[in-house]
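Presented sequentially are two complexes of chain A, the first with chain B as partner and the second with chain C.
Entry: the complex of A and B
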């Protein structure tokens, strides 16, 4: 079967750039895995090592139960969709899709059957005799997927396949990708820097930072219990608020900026004197000043999104930036003060130095 | 966005291009016109008298088996030079593209032959291949090849082909290398994932994508071989032995300056001019249409 086992994977480029370090992950057969992280964190490098386009510096890579570290890309039973599509510009759509099958030496009837099937799935019937340059971005992306599908590989690799498309098309193709994954039942490894894409597509997410894995988990795990401050900040939009401070001896208040302090209904799960970053998602703050904590927000400006209103401002007396996401259309003026509350369960505590989760 | 410089004076731009125009008129249009004119006259060797003969110079040329042979020789010479110079340059460019993506020293070395004057290139090969002095001729003789391009016409033709091609390789190399580097790496990678062997990748992806470069170079190389190799041939074989390396441009010279038949020589240069113009048109039309794949 097509599970993917990655152990201690590392990559040092000639010239000394250590792009990936000690990445370990088990990917189940038929899983949709999304590798997400900021630009330059090593996502493409991992994908390219899986594909066989970059040599593996350290670690082991198994597809099924075969160690593929030293296999040629063509022998790994994978297919890849590139960000720039990488369609052969001098070949028609049909020729593009045939190319790999011919190289495999499949009989004509089999080739035609597979192309017919993929063409139907991706609604490419009308474009088979066109050259890539005669197609729109979305159509090219479909052809690139078609070229992967006809190969019938165990593992599909995608490197930011939607990032060259406009927002509307991106949403549409996202849905198609999800449906395609369901139909094919193959293992998908998908790279993106867009957390929304990651959350909406993934069975599980691998979130990376500077060549290392920060956390692996279900999208909701990453949202509800981010393991590090980095993950907490990366997942969710608008981004999580952070208030930095020192836990007081009674553990019921947090000294922010020395003068100002926040009081909590229950003791904080952190040692007295510990320097922490308290994380609260904008959507978890409410205007009802109940719950575990009450705080005051000095309004700077308001973003009306229609369904929601995002109020941006500062924690009164402490200067930490703070954003709140409120339901519906809300009024508010710059300079006014809003009192906000938050449930204890929605507080995230991170060590200020290491960024590790404390609660 | 392109910024346009606008001259305040209407005269200045004309003044600026005047030298170039003057050079072109004096050294190109005027002699061209003179050649065209003389091709319709029969002139005595000392230039004292001349007589209008209409197209006689032309009709005589096409009845002359020597001239027709020259056409054939030129064709063989041109195609061989283009093929040799382009295939070697492509092989070198592929190697360079693979080994050193950015290193320029290797590239610089390969450009050197292009800086050598054609006559010098001819002389270098003349010495290398000289039956009594040349080191390459000596090696060939040791290898059992009886090399003497003074006697053997085929060998003489081979010699000028090699010398002419050698000089052109570096030029072709630069264009091929640039062409190769403009092919996105992801295409080759996609082909590798599609199970194409390196050999298949080259012939089914790289080479077709180089078509624009290849076509451009083919025209440039043919033009070079047809019209730009006079000095080289003059310095090595002087068109001989007999007529074996007497390509069309060389024949213009030998008919005119050696044979002193100015009318025929002029007619030959007019034919050559027509050929250049035709090839230039082909190239321009092609450049306009650009991508062919």
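Entry: the complex of A and C
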């Protein structure tokens, strides 16, 4: 079995920089896990520690029931796909795929069978005798995947494999990756900074910030109940709106910016006097003023996306920027005022200091 | 760049300059070649004239073939040059890989130490080298020369190659590690093929001084059976009489092997220079 067990994993560089701190996660056999976060959050470092390309400073790493902390990358039963493909430039596609296997001393027939299988899966039959530089970006990344597949590893590691491709190809390869995961049934660990990729691919997402895990959960959990303000901001596009303020004594209104305050139909699940950040997703604001709260938006500009219209503006009376996502093509003019409403269930409350979720 | 190339005047000036330089560079070689096929009298009467029916003579070549063990000298020079180049490239590339790839204490200092040899001529240490060779019994062996030339070539080799090896993508080496390749396999099968143009550069830079060197053969290996070509040719240069036919013929023949080696390496060299441009 190929479950991956990470306990208290940490990485400190010789200079004293702490890249990763106390990361703990249990990854089930056959699970598609996506590590996501802004650049520099330590997600790639974790992947490289799993691969064995970085030494582990603290903690334990188990693949199956084997502790692999001190094993060489080649002995860990893993395969990795890199952002810039990392194909051997002086070898043909076939050589690229078989080189590792040959080195392991596998019999010729076995190597050929595996390559045939992988090339069929990835539709690379016509390119076997080409050199990497004769291939397009998408084809190169498929070859890199092929090189991983033929190793028949327990765990596949992906380090932003789609970042160098154009948007259309990315969507296509995303679907192929998902299908590949289904077919192989192996454990996938995938690093990306793109939240759309994370949401669409992952069984579970590990979202990281500044070397620590912010939240581990199903994509929809992260979207519907983000554990911290960071997660709330990171997942979803356009990003979640935040209005900062102090809860009034009756807990039914939020004092924003001294003079202005927002009134709620139900009491807020927070202590009076508590400074909070109120989060509302752009798509959860409606033009119907019904619901738990009504607020006014001064329109700055409008983005027509076809399927949706995103209205950007400011909360009237306060200076908080606010975006609303409306269905279909909507007309509107800069400077006009729109009244918006939102359901109580769609409000996210975070402590202003710690960023932890309150409701 | 494109505009400069399209302008015929620029093109003319560029080619003119290159042709002029080529003529100047090749002129001595040309003089040696034509005079090696002339009689002694003709050499002195009209040094710049081409050999004609009257002045044509193979006497120089005949002297060289007869006198002295010319083929042995040839062989010695070739062994020393190729052997030295082999060790310079092997050890230079290995040291360069270590400096470029691994982070260890003293990496920087080690790099500087190895680069120091570029600035200090090895001939300063001739006396010490001779003493060492005497102590180890290597005097009058080809090994003495190979070892000295290897030492002489290493600093520049390490300097150039480590710079190139730093440019080989880390992901590529890591992909090899994940494929289960040993560090040696990564070095020999992944990195070396990619820095081949740099290796060719180092080889060309080292080859000519080694082939042409007179100093160390004279001091470390003057015995008849280990004489190199340059040293062997000296027998024709006397204090009072010099057999110019023989000297010029010997020099003409000495050009050939080094020319062949250069052609082999320079193809790599050009490929390396252009591959960066059109990538």
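Keep this in mind: the second predicted complex is superposed on the first by the 359 of 359 C-alpha atoms of A that agree within 3 Å, B and C clash if a C-alpha of one lies under 4 Å from a C-alpha of the other, contacts with A are read in each partner's own complex, and residues count from 1 in each chain.
Keep this in mind: a residue touches a chain if its C-beta (ideal position, glycine included) is under 8 Å from a C-beta of that chain, and two chains touch if they have at least 3 such contacts.
Predicted model, so just to flag it, every value in this text is computed and none were measured.
The superposition on chain A brings chain B into a clash with chain C. Applying the stated contact rule after C-alpha superposition, one finds that A:336 touches neither chain B nor chain C. Once chain A of one complex is fitted onto chain A of the other, the partner contacts of A:88 extend to both chain B and chain C. On chain A, the surface touched by chain B in one complex and the surface touched by chain C in the other have residues 51-53, 72-75, 78-80, 82, 84, 86-90, 99-100, 103-104, 147, 151 in common. Residue ranges of chain C in contact with chain A, taken from their complex: 103, 169, 171-172, 174-181, 185, 190, 193-194.
Those residues of chain A whose C-beta lies close enough to touch chain B in the complex are 51-53, 72-75, 78-80, 82, 84, 86-90, 99-100, 103-104, 147, 151.
Interface residues of chain B, counted against chain A in their complex, comprise 184, 186-187, 189-196, 200, 204-205, 208-209, 211, 293.
Of all residues in chain A, those touching chain C in their complex are 14, 51-53, 72-75, 78-80, 82-84, 86-90, 99-100, 103-104, 147, 151.
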